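Letters A, B and C mark the chains as written, and numbering starts fresh at 1 in each.
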Amino acid sequence: MTLLYALDLLGTAAFAASGALAGIRRGMDVFGVLVLGLATATGGGTLRDLLLGDSPPFILKDETYLYLSVVVSLLVFIFHRRLEFFANPLTYFDAVGLGTFVVIGTGKAIEFRLGFFGAVMMGVLTATAGGMLRDLLSAKVPMVLQKEVYASACLAGGALLYLLQLTVLPPYITALLSASTVIILRLLAIRYNWSLPRAADSTVPTNGAVRK
Amino acid sequence: MTLLYALDLLGTAAFAASGALAGIRRGMDVFGVLVLGLATATGGGTLRDLLLGDSPPFILKDETYLYLSVVVSLLVFIFHRRLEFFANPLTYFDAVGLGTFVVIGTGKAIEFRLGFFGAVMMGVLTATAGGMLRDLLSAKVPMVLQKEVYASACLAGGALLYLLQLTVLPPYITALLSASTVIILRLLAIRYNWSLPRAADSTVPTNGAVRK
Amino acid sequence: MTLLYALDLLGTAAFAASGALAGIRRGMDVFGVLVLGLATATGGGTLRDLLLGDSPPFILKDETYLYLSVVVSLLVFIFHRRLEFFANPLTYFDAVGLGTFVVIGTGKAIEFRLGFFGAVMMGVLTATAGGMLRDLLSAKVPMVLQKEVYASACLAGGALLYLLQLTVLPPYITALLSASTVIILRLLAIRYNWSLPRAADSTVPTNGAVRK
């Protein structure tokens, strides 16, 4: 599981960077930037552990995630003007984190004997709830609810993992195939600007315009 | 308890529809609409179970609630233009869900030996926290904090249940009376446009206007 | 520990008052004002207990906190026009609450055998998460992420407590020194208008202006 742990840390770092950047854009002070980095990187797994009843959550058992998130957020706070050099790699790391988090979350839920829906939901939550928390703390509608094939890639990967682990495939192949599915779907979505359908007349409801 | 379960599912469906509609009005994509439906329908009971330490929460034990919420949200996403035909029944279903959720939440808290305040609070949370989550995910101030006799009807029903279960009344009578109290208060409040008092000069505080 | 309990209740009352005032300023009805008072006063400790896996959380074991929060919120709702007389004492009570909550939260986390980062984080969360919840329920970016030396004072006090409890100092001295550190730092920050640094060009990112 050493590769999975390494990918997990890579994803954590990428998520922390995305959270810290959001804090900087909202004009937060250095503490706020650290909190947004921490929340984005560790919020999803923490919520998953709360829901599974696995307490204390993983971040309080292995503090590596906390230190890593804070160090990355601090580096982003200091060097954020130069982050344009990293924008491209960050997108890839974020996609890798997404795939890894889905596999870890769905896998853990299966160990806890959850059913299909619950297990896939835990995988999606692990990968997306940190970003939702980041947006809530920025007083914005969560990005993941509005645009891009982000959560859908997670859904596909989680469902694939659940189905494959019912077969005779060895676990690491199952994990690899599922994570790759998420990562490839996510990168294709960015490359070709895919998006999910919205309700046709969502801007003209008779019972009130879209509220700001 | 079969009637209670049926009413629980009816309420779940009504809450999911209200969540999905909110997502459509905010211009979310189909994934966002499903998440808002799920969160509105199951968020209150999930928070209650987290607070009671009953893990995993009910939605992960009986996945019926999850599938029902998703199917209803999808139907709303597809047919929402025709929802005006359902607006009236939806209001009634929502009131029924409110009464049922209060009775289930307060009752479960009493089983967990909570005191009066805690038990009533769990009933109110079960019925209203899903809607609060819906509004938070839409980056709005929760409706329940601002207007209408909504939470107050839940408070009354929860308190009544706590007091009645101390008497010799059989449990199903206690449940029925409490749920009916919530439903009737809620429908009367809609019919006669009741609202709770606000602080007199809330719009002219010297220390800063109401912030948008 | 009677002094600590008394300070805890004083802090709870001060936090409830700050929450109730925020509700009044947002034009909420009386129920909303009570919920904001409750959430601000008890949200931090409740989140801490959820994360530590200590269920049910403290507010459901000793309902004093709930009743106190509601009574204070109601009094604020009724007499808020005269609160200017209390603004000064409220600032002091709030600082005392901050110090007490940090000591209680960090101390409890140490009992639960958390590491340095986790224990300090629990102390900071206990003191600040209620205020964050208050701001989220008001659809605002949490104040604590944006300005003033508020969380940093908590960080300093929590770290001090963790380090001092490794020494031979008696627990009450450790608690007293740590709480005093938080309170004094907080009051100095108000007096001299200290604030934390922000990212230099946070208002001119090339990838999008600060979104409202």
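As a working rule, contacts are C-beta pairs under 8 Å (C-beta built on N, C-alpha and C of every residue); 3 or more make two chains touch, one makes a residue touch a chain.
Remember, it's a predicted structure, so these values are computed and weren't measured experimentally.
**Q** For the identical-sequence pair chain A and chain B, what's the CA-based rotation angle in degrees, nearest 5?
**A** 120
**Q** Which is it for copies chain B and chain C: same residues on both faces, with over half shared, or different residues?
**A** Copies use mostly different positions to touch.
**Q** If you average the CA atoms of chain B and of chain C, how many Å lie between those two points?
**A** Comparing mean C-alpha positions, chain C is 28 Å from chain B.
**Q** Show the residues in chain A shared as contacts by 2 or more other chains, in ascending order.
**A** Touching at least two other chains: 50, 136, 139-140.
**Q** Looking at the complex, which residues from chain A come into contact with chain B?
**A** Touch residues, chain A against chain B: 50-53, 112, 114-118, 121, 132, 136, 139-142, 144-147, 151-152, 155, 195-203, 205-206, 208, 210-211.
**Q** So in the complex, the part of chain B that touches chain A is made up of which residues?
**A** 23-33, 35-36, 46, 50, 55-57, 59-60, 63, 66-67, 77, 80-81, 84, 136-140
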